[in-house]
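Labels for the chains are A, B and C, by order of writing; each one numbers its residues from 1.
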Amino acid sequence: MDTATPEDLLSEIDGLKLRLSEAQEALDAIKTGSVDAFAIRKDGKPEVFTLQSLDYAYRILIEKFSEGALNLTLDGLIIYNNGYFSKLIDTPNEKVTGSYIFDLISRDCREKFQEQFALALHGCSKTETILSVNNKEIPVYVSLTSLQPQLATVGMIVTDLSEKKQNEHLIINYRNHLQIQNKIFNLAEEIADIGSYQRNLETGELTYSDNLFRMLGCQPQEFVPSMEKYLGFVDPDDKDRLRQPVSEAPDKTAPFQLTYRIVTKDGKIKHFRNTERAIDERGRKMTIGTIQDVTSHVAHTETLRNKNIELENLNKSLDQFAAIASHDLQEPLRKIRTFTSLLKQRLKEAPPNGNTELLDKIKGSSERMSLLIRDVLHFSRVLHMEDMFVEIDLNQVLNNTLKDFDLLILEKNASVSIDNLPVIEAIPLQINQLFNNLFANALKFTKKGIPASLRVSSRILQPEETGNEFNSRFNLNRALCYSEIRFADNGIGFEQQFAEQIFSIFERLNNREQYSGTGIGLALCQKIVEHHQGAIRAEGRVNEGAVFYVLLPLTQAAQINQIKRKNITV
Amino acid sequence: MTENITIFIADDDEDDKQLFIDSAREVNERIHFVTASDGQEALRLLKEEQNVRPDYIFLDLRMPRFSGKQCLEEIRKDKRLHDIPVFIYTTSTDERDSAELRQLGAVHFISKPADSGDVYYILSVVLETKWDLSYET
Amino acid sequence: MENKSNLDFDISGKVSLQLYITGMSENSQRAIRNITRLCDRYPKGRVDLEIIDIYKNPSVAEHQKIIFSPSLVRQFPLPRRTFIGDLSDVEKVIPGLGIILKE
């Protein structure tokens, strides 16, 4: 027997009481379910034993996860799968458990999946694959992890990529669409002769479209765009006009538009119409602009304007011509009718005698008719001309004309003096006609008994003279250089008040008995000079003679490098 | 009628003028004619105060220098002349001309007939009618 | 002292506590909540609290015969005392911990 003191015994009892109460507590706790597990040393190794309710929380976690979770044997047999997974593959839970995971993988992906599964047996692996169940293909991302050594299973987490794939698809579509749009845009720019640019107002960065480079005569993106570089292309006269609006554009809400000239890299002159506008693109302050090549438009507008003026003039003279021509052509015919009726009458009254007078009149009328028709044809031919302009020496033309009038000159005892005339671009036949008519007039309207004297001279018109009191009504082409040829005679002259009238077709200042002619000569002269972009005017004094001024340009088209043209605002 | 009347005719066409005079004489052999060959001459003759005031004025439209229309306008402005009946005697058959000239004060617009007989007829009608000019503006 | 309630208490000396739990169980969660609420009520630095997951650390059983989860062990002040369960029964826990309640 031990010699234990009563104190020792009491202490031991206290200790036992404590341990007992603790044990009781433990049992109570187990009974009431307030403990989930306990750790205990078993065979020298610590082990954890789980009581009923513990894995509940984990279960809930896995089940409610919005990812698929499975537990697979090392052969790939599904021993557990969560609610999400069954829903994903639209197969009831009971049917999934017990099937092989490989059967759920789409055939094309199976091999790769098997590789990944094999890898996972020794660690983990992640891969994209496609599930194929009930004829539905589901793209997924799977993460495989071996749960060894604790469990001889492989855990698998499945993430549905359908939406992601859809989005990817959309993005690819959008990207393709955008690429096509860009191509179309670039093509459109090329076709429409438009270039565009963007300017970031904060960084000053400038971006040009490919076509803008091309319009400047450069390769796309040939240089780094900058304002200074661009101004290098702009015509010096227009530079300042451009600088100001450009710096103001960001502040103004209205777009600015300006047309100016540029010279391309290869020396071509073009007209650009530039429109720029400020935009606020997601907080970035920018301006965007387009540049349209309006060079041909400018040329066309001018051509159009000229054509319209031509057309107006043509119409005017056609109307005038038609009214007067029909009237004058009627006259001989009417006379023929009148005289024949008179003749008939007289023949009835008296036996034929002295009626040659009437017959002569009839003959005369028919002759007049022919002459009129000839002249009218002449005149109308001048209205539809397609003849070519060539360089002709007016001195030669004049000399030829003189030859035609040899006899008449002798008859009238006329003297002709000619100063040196210039060489011009003209239609030879028409200028011939022109000089012919002027000469014919000069030799027709001579004063009786006084030898006719005709002087032909010329000078170059000063540019400012094209708009003076005499010439302003002709609207001469300011870009051309004009020669003024002067035909002066000492004949019967005319009142200055009729100076314009005489150029009207068939218009006469004297009647038929006094001077022959159909009255078409000067009208024809006017038509001819107008066709040459020139003009004709007359000055006269009764009984003192007349002077005809013929204005003809030296060339038909302006030489570009000679003439400085003003900017054309479109 | 037997009173002496004076007819003024301006026409650049001698044949037409002669035909007119011959036909008028057949209607009334005692007509006195004053003639002009162009618009300028016509106005000069008409405005000269010492000349006889004509009872009828015939004007061709298309004449050298001043046209018949211009003459008509001048006549209508002239106090001495404006109540004389003015006839436009012309080759024109244009109705627009007719309307325009009547507007300007011409009493009648006559298109020159081709047939000489018609000239006689027209003149006989004209000369036998009393022309009322009360509508003038 | 901020919160004045009849549960205000005071302790003397440092207290060393270990709370044994098993992952995510409801009981463990409650135990954690309860003990941290308790510990929040007194000055920092006075209590040393360790929360140990017996799944992650089964070796804690080395030193004791058996460890329940959830359970709270007071290592100091001695003697060692164990409270099994989620510690909802405050009346029992507090005196057990040696915390003197201030009335």
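To be clear about the criterion, a residue touches a chain if its C-beta (ideal position, glycine included) is under 8 Å from a C-beta of that chain, and two chains touch if they have at least 3 such contacts.
Keep in mind the model is a prediction, meaning the values are calculated, not measured.
Trainee: Determine which of the two chain pairs, A-C or A-B, is joined by the larger number of C-beta pairs in contact.
Mentor: A-C
Trainee: Compute the centre of every chain as the mean of its C-alpha atoms, then state which one is farthest from the centre of subunit C.
Mentor: B
Trainee: Roughly how far is subunit B from subunit C, going centre to centre by Cα mean, in whole Å?
Mentor: The computed centroid separation for subunit B versus subunit C comes out at 143 Å.
Trainee: Which whole number of Å gives the spacing of the CA centres of subunit A and subunit C?
Mentor: Here the centre of subunit C sits 84 Å away from the centre of subunit A.
Trainee: Using mean CA coordinates as chain centres, what's the gap between subunit A and subunit B in Å?
Mentor: A distance of 66 Å separates the two centres.
Trainee: Of all residues in subunit A, which touch subunit C in the complex?
Mentor: For subunit A paired with subunit C, touching residues are 18, 22, 25-26, 28-29, 32-41, 46-48, 50, 53-54, 56-58, 61.
Trainee: In their shared complex, at which residues does subunit C touch subunit A?
Mentor: Listed in rising order, the residues are 20, 22-28, 54-55, 58-62, 65-71, 79, 82-86.
Trainee: Quick one: in the complex, what on subunit A touches subunit B?
Mentor: Those in contact with subunit B are residues 327, 330-331, 334-335, 337-339, 341-342, 345, 361, 495, 498, 507-513.
Trainee: Under the stated contact criterion, what part of subunit B meets subunit A in this complex?
Mentor: Checking each residue of subunit B against subunit A gives 12-15, 19, 37-38, 62, 64-65, 91-92, 112, 114-117.
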